[in-house]
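What follows is a pair of complexes built around chain A, which joins chain B in one and chain C in the other.
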Partner chain A sequence: MIKQLEFKKIISSPVILGLFVLFLLFNCFLIYQQSSIRNDMKSLQPIVKETGTLMDEEGRNKLQTSYEKDLTNWNQLSKSKTGDTYQRAVDFYKPELYYSLIESNIYSEKELQNINKLAIKETYVSSIQEIETLYSNLNVMENAEEGIRLFGLKGAAAETVREHYTVLKPRVEELVQNKEHLHLFFHGKMFGTHSFLFKTLFGFMLFQAMILIVLFTAFIVNYEFEHKTSLVAYSTKRGRNLVWDKLLVSIFAGTLVTVTLLAITLFIYFMVFDYSGLWNVPISSGFLIELNNIPFISWWNVTFIQYLFMTCGLVVICQILFVLITFCLSMLIRNSYIVFTLFGVIFLAGLYIPSIMPKDSIMLLYTHFSPFILVMNVKKWWMESGVFTTFKYYEVMTVTGWLVALLLTAWFFIKRFARENI
Partner chain B sequence: MRIVVNEIRKLFSVKVILLLLLVSFFVYQQFIMFEFKHFPNGRPLLDDFRATQKMLVDYGESMDSKEFQDFKEIKEQRIAEASKYLKSQEEVVAAGIDTYEEFRNMDLENEKLAALHSKIIFEDYVDVFWEIQAREGIIDRYEHPERFNQHELTHKQNARMDELVENGSTKAIFTDMVFDNYNALIRYVAILIFLNIMIILMPLYIRDKRNRVQLLQYTSKTGRNLFSQKLVTGISAAMIVITAQLAFFFFMYRGNDTSMFFPLSVNSIFNFFVSWYDLTFFQYMVLTVLCVYLLGIVLVLVGAWISSISPNYMTSVGLHVPLAFLLFGTGTTYLVQNLTTIYLNPYLVPISFVIVLVLSSLLFMWRYRKEKVKNI
Partner chain C sequence: MLIVEDVTKNFGQFNALKNINLEFNNGVYGLLAPNGAGKTTLIKMLTTLLFPTSGSIRYDGEDIIKMDEKYREIIGYLPQEFGYYKNYSPTSYLLYLAALKGIHRKTAVARVEELLKTVALDHVANKKMKKFSGGMIQRVGIAQAMLNDPKILILDEPTAGLDPKERVRFRNLLTNLARDRIVILSTHIVSDVESIANEIIMIKNQEVLYKDTVSNICRKIDGRVYETEVSYEQTEQFRSTYLIFSEKQENGSMYMRFLTEDTSKPEWKMVHPNLEDVFLYIYQDGVLSDDQTA
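Here is the complex of A and B:
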């Protein structure tokens, strides 16, 4: 009953609901801005239907023949129309020819779409070779050395980084052997879906949920103090146990808010962008590689859908950590807006501390095990993610460590509150 | 007056000041210090900066064609020095390269030559090579003032460009590094200032409401006038914060050592920014500072309104979230950075300021009227 009433305080607050709707609208706007590429993305599905996602010897031959067939068809058409033939489909888009072709309206809308699809197919075909070369020359130890040099790591820190990358090495071999990198997926260099979904969208959702959570947790924990009813409420027998209810309700509401926000936004995202047939593609696929040419190397062989759920799960746990941090702060400071500001300060401090650590100390790596740094880099969760955070169980270690520590702190504050003078 | 002073004291409690210092410290560390520490950011920007400084000393505020000849000659001297350096390097001579021209046109596909090239440029950081590169960039820009018209511009914009070339402001020895650096800095500083104002003004009306002292206040003679006096308090507090923050910022900014650029026109050929008006860099800085003050007043009006309608801190902070989003994003992009840029309508900035000032005042006035007759 008490829990229900506490919960009601949160959801009946117009500002929480208003912000929630505003955030959702903002996410829709982000998706809408990105939606211009959805039609081009769709041309992958027919290819996958024809050849399957795996581009081993067999799949590649299938794709190659299908591509060549389409190109011959197109050349027949273009020969009859303009007398030109094309070696490759992209030649059609050479500026010196393209604009005059468009202006003279030789090709119908439908035909232009066909050549566009063909050009996209061609990109997939030609990427396979690139990906194979990239992965056969891939040496993660070199990446480690490069990072160590770039950030000027020395001594124990550099050694530990090397160790972690040595663990990654067999995984890369396994990845290549499993042919995880040769699965068709939306071309990263063309569409950048991974960055949009896991960096932009997830990044915004994390901060949106965090703002809501910090707001209502600070609000309900100090509700009695702000409304001057604390003297009455906390002098009864049930009284001081009220904070337990508040903690549980905050965690519950935090989870609920995060899950709803994720569910609605992702639902809209996948309605706009068609991922059918690609759910089971390994996340380490080489096609995902974006313009910076850095391959995605996940620590385990997970498919896209598994990766998505693992990431959502971790987001929820991170938000629970934020509930706990806010709860502890609110037990110390009985003023909700100062708690809100302090939370921001702590967040910035969490990002700042690693930069003042000495470059040769192992502490430099330990300070990266914080939820603040974790949430800044959703795009590289469960993957090789630069020298500081490439550690097989980095994500799991960070959240469990902090979860235990924060639960203990919260428990300590509750115990202390039981005999505090108010 | 006594009330206002006391109210200001209430706002600047020790706790809040500490909080402000903490926030400022971390914002400085995370966003602002970078622009101080890494100015100019790497090479060849550093060499570009040095060459520009030398130009200022040698030629004064602008460079005429005679001085430009001199500038070109210095480049030739540097090339001679570079060739001399190359001749003194055994490995280079062994590879069959002994003039700068040859070095320049070296086949970088060849691994051995590429290694030599990167050794001289990136490992030994031989200054003269970087300087030649920087000077070439400056010469190129000076010789091609028509780059101004590369963009697709309207007739009016083109006319402005031509006017600038004619009246000679394009020849000022300014540099885009100084301008971009300042532009980036002032944005972060503006955001920090707005953040500070928000933190300070949050309890403006809420605190009294929460402590239920309004019942006492509003029945006295001064009573409901307190509402407008608190606005005066808010504006004074904001002015104090803005002035203090800007003073600290410009104190730090002195370390970038750009004072010799102050009297120069920002419309120089060496700057990518083009203004509708003939501004010097100093005037431009004054303009940005003015805009920060004006936006600060708008923020006080909106913040006071939020504080007066919110029943609790959660609502107040919650309402500040979209406000901050608008102000830090759109607000600073159009009303603090790149002011009077030729790529936007010249009336955009003044009209936006009038609109936001009028709207926020109306918002507050409306609340003020209601407060006058409110039942408590």
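Here is the complex of A and C:
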């Protein structure tokens, strides 16, 4: 009953509710802005239906045959209309030809859509070779050395990075052997879906949930002190054990807010962007590679859907960490505005501290094991993510360590509060 | 029985209370002292909101800190500054506090209804408290203190904001309640406790000065309190000579109530001292310094 009543305090706060709705609308706006590419993205589903996702010898032949057939059909059409034929579909878009063709309305809307689909198919066909070449020449140790040189790492720090990239090496070999990189997925260079979903959308959702969580945790923990009801509340039978209820309710509400925000936003995202047939594509697919040409090398062979759930799970755990941090701050400072500000300062300090660490110290790497750094790079969770965070269990170690430390700190503050003069 | 034994409370270097020894049985106890004398500190220790620096408080032989929720379950407390949630109605606020007091929802609903009738707030039971007057809020506070039918009812300045009619009704309510429980009423308003308290506790210099019945306490200055008429011209001199308890203009002269150790004069009329006289006598330093400050 008490927990229900504490929860009611959160959901009856107009600020929390208002912000929640505002954040959801903002996420819808982000998705809407990106939605112009949804039709082009949809071109992949018929291909996958025809050839499957794996572009091994067999899949590649199927795709090549299908592409050639489509190109022949197109050339027959174009020959009958303009007398032109094309070696590649993309040649249709050469500026010197394309604009005059469009202006003269030779092709119907449907035909233009077909050539567009064909050009996209062609991109997939031509990408396979590029991907194979990239992965066959891929040397993660070179990437490590490049990173070490770029960030000026020395001594123990540089050695540790080398060690961890050495651990990654067999995984790359395994990935290639499994042909994880050869599975069709939305073309990263064309659509950048991984960045949009896991960097932009998840990044915003992380911060939105964090803002809500910090606000309502500070609000609920200090509620009695700010409303001058602490003397009445803490002299009741439940007394100071009320803070246990507040902690549990904050964790529950934090989880609920995060899950709801994720569920609604992702539901809308996947309604707009059709991922059918691609849920089980490995996340290390070479097709995900974006304009920076950096491959996504996950530590384990996980599919897109598994990766999505793993990421959602980690987002929820990160938010629980933020609940605990805010709870501890609120037990120290009885003013929710100061707690909110202080949380922001701690967050920024968490991001800043690694930059002041000596470049040859292992501490430089350890300071990256913080939820603040973690949430800044959702796009690279569970995979090779640069010299500072490429540890096989980086995410698990970070959240586990912080979870244990924060639970102990929260327990200490609760015990201290039990003997505190009010 | 509630026993306060050798309780001292320090806040850093500041000594708020020292060596307090008190014993409470069923009945009304008036904790009478000027503001800042340590009444609230003592009350907060009785409600486990503050912890004694030394000494112990025991209920039926058991330390109240160790009793934890078993002790808090039997107390009702109205703090001096009673906070409330302005967007809650009295009913929803009392139901929330009832949950904190471990009262089952079904029992609480009936109890809240009954108490709101007792404090004459049943007609606004579901109205938001933001529009309530100070007296109405105080009545909500009194109701919440009685929610769990406490064995120990502790009220800190409970009559603040109540009008005279409400004060009378409140005193009658307390007298009824005190038949089978301990009622500790802290106040600096003498009239609040004079007529209803079985015993008065006076604190001075961080220590308990008196814990006795009203009549026994009044006896401390028996034979030294007089009333007389003084002409306006003599008023100033009279004030500087005697300890004045009250002054009233009447029939072109000043009617003075005062205390003196001097031999009685024919124009003086000896009167029975009341609790307010004792209060003013005991705390005359504080009263004088307050006056001087003002």
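Just a few scattered comments:
Methods note: the second predicted complex is superposed on the first by the 420 of 422 C-alpha atoms of A that agree within 3 Å, B and C clash if a C-alpha of one lies under 4 Å from a C-alpha of the other, contacts with A are read in each partner's own complex, and residues count from 1 in each chain.
Criterion: contacts are C-beta pairs under 8 Å (C-beta built on N, C-alpha and C of every residue); 3 or more make two chains touch, one makes a residue touch a chain.
Quick caveat: nothing in here was measured; it's all calculated off a predicted structure.
By the touch criterion stated above, A:17 is placed in contact with neither chain B nor chain C. Within the superposed three-chain model, A:233 lies in touch with chain C and out of touch with chain B [touch as defined at top]. Of the two partner chains placed around the shared chain by superposition, chain C is the only one that A:419 touches, whereas chain B remains out of contact. Applying the stated contact rule after C-alpha superposition, one finds that A:102 touches neither chain B nor chain C.
Residue contacts after overlaying the shared chain place A:167 against neither chain B nor chain C.
According to the touch criterion, the shared surface of chain A, contacted by chain B in one complex and chain C in the other, consists of residues 228. Across the complex, chain C is touched by residues 1-2, 5, 12, 224, 227-239, 241-242, 419, 421-422 of chain A. Note for the complex: chain A touches chain B at residues 13-16, 18-19, 22, 211, 215-216, 218-219, 226, 228, 335-338, 340-342, 344-345, 348-349, 351-352, 355. The part of chain C that touches chain A in the complex is made up of residues 11, 44, 47-51, 68-69, 72-73, 75, 77-79, 81-85, 87, 96-97, 99-102, 105, 141, 144, 148.
Chain contact summary for the complex, chain B toward chain A: residues 15, 19, 22-23, 26-27, 29-30, 199, 202-203, 210, 212, 312-319, 321-322.
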